[in-house]
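The same subunit A turns up in both complexes below, where it pairs with subunit B and then with subunit C.
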Partner chain A sequence: MASAKPPPPSKPPASIHPTAVIAEKAVLSGTNRVTIGENVVLHPYARVRAENGVVAIGDNCIIYERATVGCETTSATGAKGGSDVSIGAGCVIESNAVVEGQIGECSELGVAACVGKGAKVGRYCKIAAMERVEAGEELEDFTVVFADGRRRVSRTMRDHESVREAKHKGQMMAVELMRKMIPNSAVKWTM
Partner chain B sequence: MASSSFPYTQYACPCTDITTPSSAVTPPSGNATAPGSSDGDSSIDERSFNPHDPRAAYALLPLDHLLYCDECNAIKCPRCTSDDILTWYCPNCLFEVPSSTVRSDGNRCARNCYQCPECTALLAVTAVPKSEADHGTYLKPEGADARTAEAFLLQCQYCDWSTLDIDLTFTKPTKIAEQLAKYRQARQSSVSAASPDTASEDVKTVSSTPISHDLDTAFANLTAFYKTQLATSRDAQPHLSGPYTTSATASNNTTPYTSPSNLHRIMSLYGNNSLQQKPTAKPQPMREAQDPAEGLFTYTPTQTPSHPFQDPHDLLPRPFSLRTRRGKRCRTCRQILARPETKPPSLRFKIRSPALHHIPRLLLKPLNPPVPAPLPETFRLRVEEKGDRAASLSASEGYKQGTPEMYVLIVRNPIFEPVKITLATPAFAPARAGAGGAGARVTVLCPSFTVGAAGDVWDEALGGTAEGGRGAAMERLVGKGGEGRLPEAGKVWERGRSWAGVVVEIVRGGERSGTKGDGNPQFGNGDGDGEEDEVLEIPVFVRADWTGHSAESTGDGAAGGGDGRDGKHARQEARRTTPERKQQHGGEDSVKIPFELGYWCVLGLEPLRA
Partner chain C sequence: MSRPAAVSRRSTKTEYIETDTGNKISRRSHIEGKQNIMLGGKSVIMAGVCLRGDLSRKTEKTAEGEKETSQTAISVGRASVIATNCTIRPPMRISRGHMIFYPMRIGDNVFIGPNSHISSLTISSHVHIGANSVLSPFCVVKEQCKILPDTVIPPHMIIPPGSVVAGRPAQIVGEVGEGWGQGGGGEGEEWVEGGDLRPLVRSIK
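Up next is the complex of A and B:
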């Protein structure tokens, strides 16, 4: 407490869509480019780490408190782009989740779930709370990871267009609500 | 459990007979500190409980796992109580299901409580638009606008399974069970239509169909087989167990007189009573299924028996299985020991008689407790001298093999009468056989003393009695009381209103010189490595004597307690003293009845960190 405050972390070069909502306590750090799409909601204390690679967050994503998007360390292989993180449109990243890989659109990451480095998660996937997708793993579309590592393909989501449609609508409604509730301070990161 | 923290105390339930073992288990150790064994059955006190007996693990329980039957005056462990099922209820909706419904419909919730077949989470009823073209409505919870939605489904919020996975939607959000039953019937009929009558087919057809259908067929075959078996055995029954009026007809049968069953019947007719057993209700041995036509089903290595549902369509929502709420009864006298309230949401008990409230409780603590981390100056009550601190540190850490360790054994009395306590330990607490420990010599400095009656908590805190009470408490807090005092044989170390502490001296490893050859192979030659890891367990026999009022302490026990009941429990260690009780029997309510209770405890001490 008595010790001096550490210097503020460097602001990454960010391209933030004007409709995105970034709470004041959300943190963007690193030196690589951060791209944030339209209607994205970053809750307070959400972290976007661009220290080791670019981070791209698609449209209509919601990232909750204390979730981390981006790699804190470099990739093990050291290959360029190995530490890049991207999240597709319409994803939900619950609180305390960690994303260090690629996530397809409309997927959902439960509370404290973890997607390892270089992992590729498909579209409409669901990683239940506290589950892990190991580094380098690839999940096909509509996969559900649940119950301590069990995986299966959700036929409900795969075979029914209306269910996917409903998921979209629900996501849009959630985004609308969040936009009203969270004061926007995206200016802090664009200036 | 309780043994995770040291020192711990566990109590032996007298139901296991290892408290009264054959002499082969433990050699009777010299019991110098048991002067209370004067009432003719000193044999009990001479046999000592062996905490390292393989069966001791089943007898020893922490105090809060034990109940107490005040009718038998005995400790009751979970094995000497029987359960009464009071109600059935659904754990999800907490709806109480009458037992007749459980008997007729099985123990499943008949309301809309369903579990996900994939992950066992709760399934929620969700409304969906019937036609996929109509995107105007969203998935929404039941009842939001049920009129616009035309179809319903059960959906798991956790793993996203829904009845759409098995192409099933419901037409209304209620009476799911009926709709599910309809669906199941429709599927079964379609399955049986697809693969007609495999019952009389051979193995080939069975293995060609999917496993789940195999199982259905095999089950049907096996049921039919068992039915025919039962029918034949029932036919055969009269020859065995029929009354002898049928013997004439039996003789017409093919069964010869020399057949063992007939011989047995004749013997039992003419034999004396000792030979005559009860009419043969023994069922005929039945043959098991021998081939697939009879329902035999074997797995080949290619099939996976772990998950018989290979077709995802086999997964159906599972209704919640009901839970029971149970009361506990004493197995010997049927006295109710615990009876919870029947309403599922309530967690209270109507009747509960834990051992915690009925038997004196033992607590062992070091005489000089280890000093925790030094407090900051501002929080210290008194300034500690250096020597003081060093002394207490050495007491906590410096114990070695062969040096006496001092502990205070506190006996707390939950009974509302003063209790006379007699403690007895074997002079030598044996080590676990083969563990390399060396055991310990145990001396209770004051084995016999009285403990005051339990009372109001406020009485204890505020009452300024001679020894307990405020003054003593203050002294303990400030730390003046125990200082400079030496443990003395035959004297209670400290005392409160309803508790008393006596000093116990423990010498681990015994005497190295081995002057006391106990016949214990570990004695005196234990190796240093093994001893350190060994938890020391000291058996202690506690005997409590008190005088209780017949009316309040035993309830109706004084009026109804006959000799028969006491005779039944005469073998139990925890019992009433019958002769004394008889003398007092028949008096008024104010008549005092002596009670006596004896039980074994085991005190566990942590291993030395030498």
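Up next is the complex of A and C:
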């Protein structure tokens, strides 16, 4: 058994919390450090790319199939830094979304949405399907991006503690459900 | 000499696997939980399609010691075509204090364009969905609708029969009118949007 085929090239040094669930077909690549917090769920075909900077994924995040977290491209100037990617606790990254910037806690990134390089998305933001946050842009907390680039601040989310609590609760239940359904193969990346 | 050999081996291996009921499933599709997926027959699943049958509703463990069974997560009707790189995932929500996945139904003669994301509850028959569309969780699309390309249908939207839908977020922009799905059979036009897709399915090899 020890003489199984050699590990695929560039398996990143990963610190994965023992409670995180990483589907068998999810892929971690690159050479920089990948940190995955507790109860994170990585669905099949999700990609974590640590080619050009460290990637940190906070607790209770859900990353759906074919989403990409991490910078795939090197910056045109070749300058170091700015390629680090972090996702706060309790975020949802939907299918085909691309994260190359930083996302605050409990934000939601819709299907095929894109957060450009070095962009900073605040807490409790919601970026609807197919919307873009350009590189270097900063979004304040509770922003909603929708309808081809329109922005607004969700006052419901901002002014009501109970709404945020409900969101937390829903996220925890979703994570709990998926932990039961998706076979974990995190071992593959920690060994 | 190794190269011609590789070519000949490739030609024997077709792109699609055909089932007994005439479903054509690409070898390059990503299907999870195939035991929870039902295909009605003569349906096509193209390359790169991601079907999440593993996310199904599990019946609660009962006191009688009944085995934990899971029901069909995705059911697709007859002669439906799911084009390349689509993602189909059952929707999820809290019901009676539990987070559960809901089974999703796709009708007959439904065309789903490339790169679409489908999390809807129901898509009825003779629906045409354009490329790059996003159908958010729990939306319901009734019969004979046309969804234009790049549409984002918001969660829980119900689209009445015969509508034309477009926009981000989606709005009903018109009706398909008389004769939707009719016609075809002409030269080089064996099938029409919303019509019988069997000629199209037949032409896919």
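Observations, loosely collected:
Quick note on the criterion: the second predicted complex is superposed on the first by the 179 of 191 C-alpha atoms of A that agree within 3 Å, B and C clash if a C-alpha of one lies under 4 Å from a C-alpha of the other, contacts with A are read in each partner's own complex, and residues count from 1 in each chain.
We take it that a residue touches a chain if its C-beta (ideal position, glycine included) is under 8 Å from a C-beta of that chain, and two chains touch if they have at least 3 such contacts.
Here the structure is a predicted model, which means the values were calculated and not measured.
Judged by the touch definition given at the top, the superposed model places A:128 against both subunit B and subunit C.
Counted by residues of subunit A touched, the larger count belongs to C, out of subunit B and subunit C. When both complexes are overlaid on chain A, the residue A:66 reaches subunit C alone and has no touch with subunit B.
Applying the stated contact rule after C-alpha superposition, one finds that A:188 touches neither subunit B nor subunit C. In the superposition on chain A, the residues of subunit A contacting both subunit B and subunit C are 128, 146-147, 170. The touching residues of subunit A, counted against subunit C in their complex, run 25, 43-45, 64-66, 94-96, 110-112, 128-130, 146-148, 170, 173-174, 176-178, 180-182. Those residues of subunit B lying in contact with subunit A across their complex are 118-119, 128-129, 132, 135, 138-139, 155, 158-162, 164-165, 312.
Those residues of subunit A that touch subunit B in the complex are listed here as 126, 128, 144, 146-147, 150, 152, 154-157, 159-163, 165-166, 169-170. Residues of subunit C that touch subunit A in their complex: 30, 32, 50, 52, 54-55, 58, 87, 89, 92, 94, 98-101, 115, 117, 132, 134, 136, 150, 152, 168-169.
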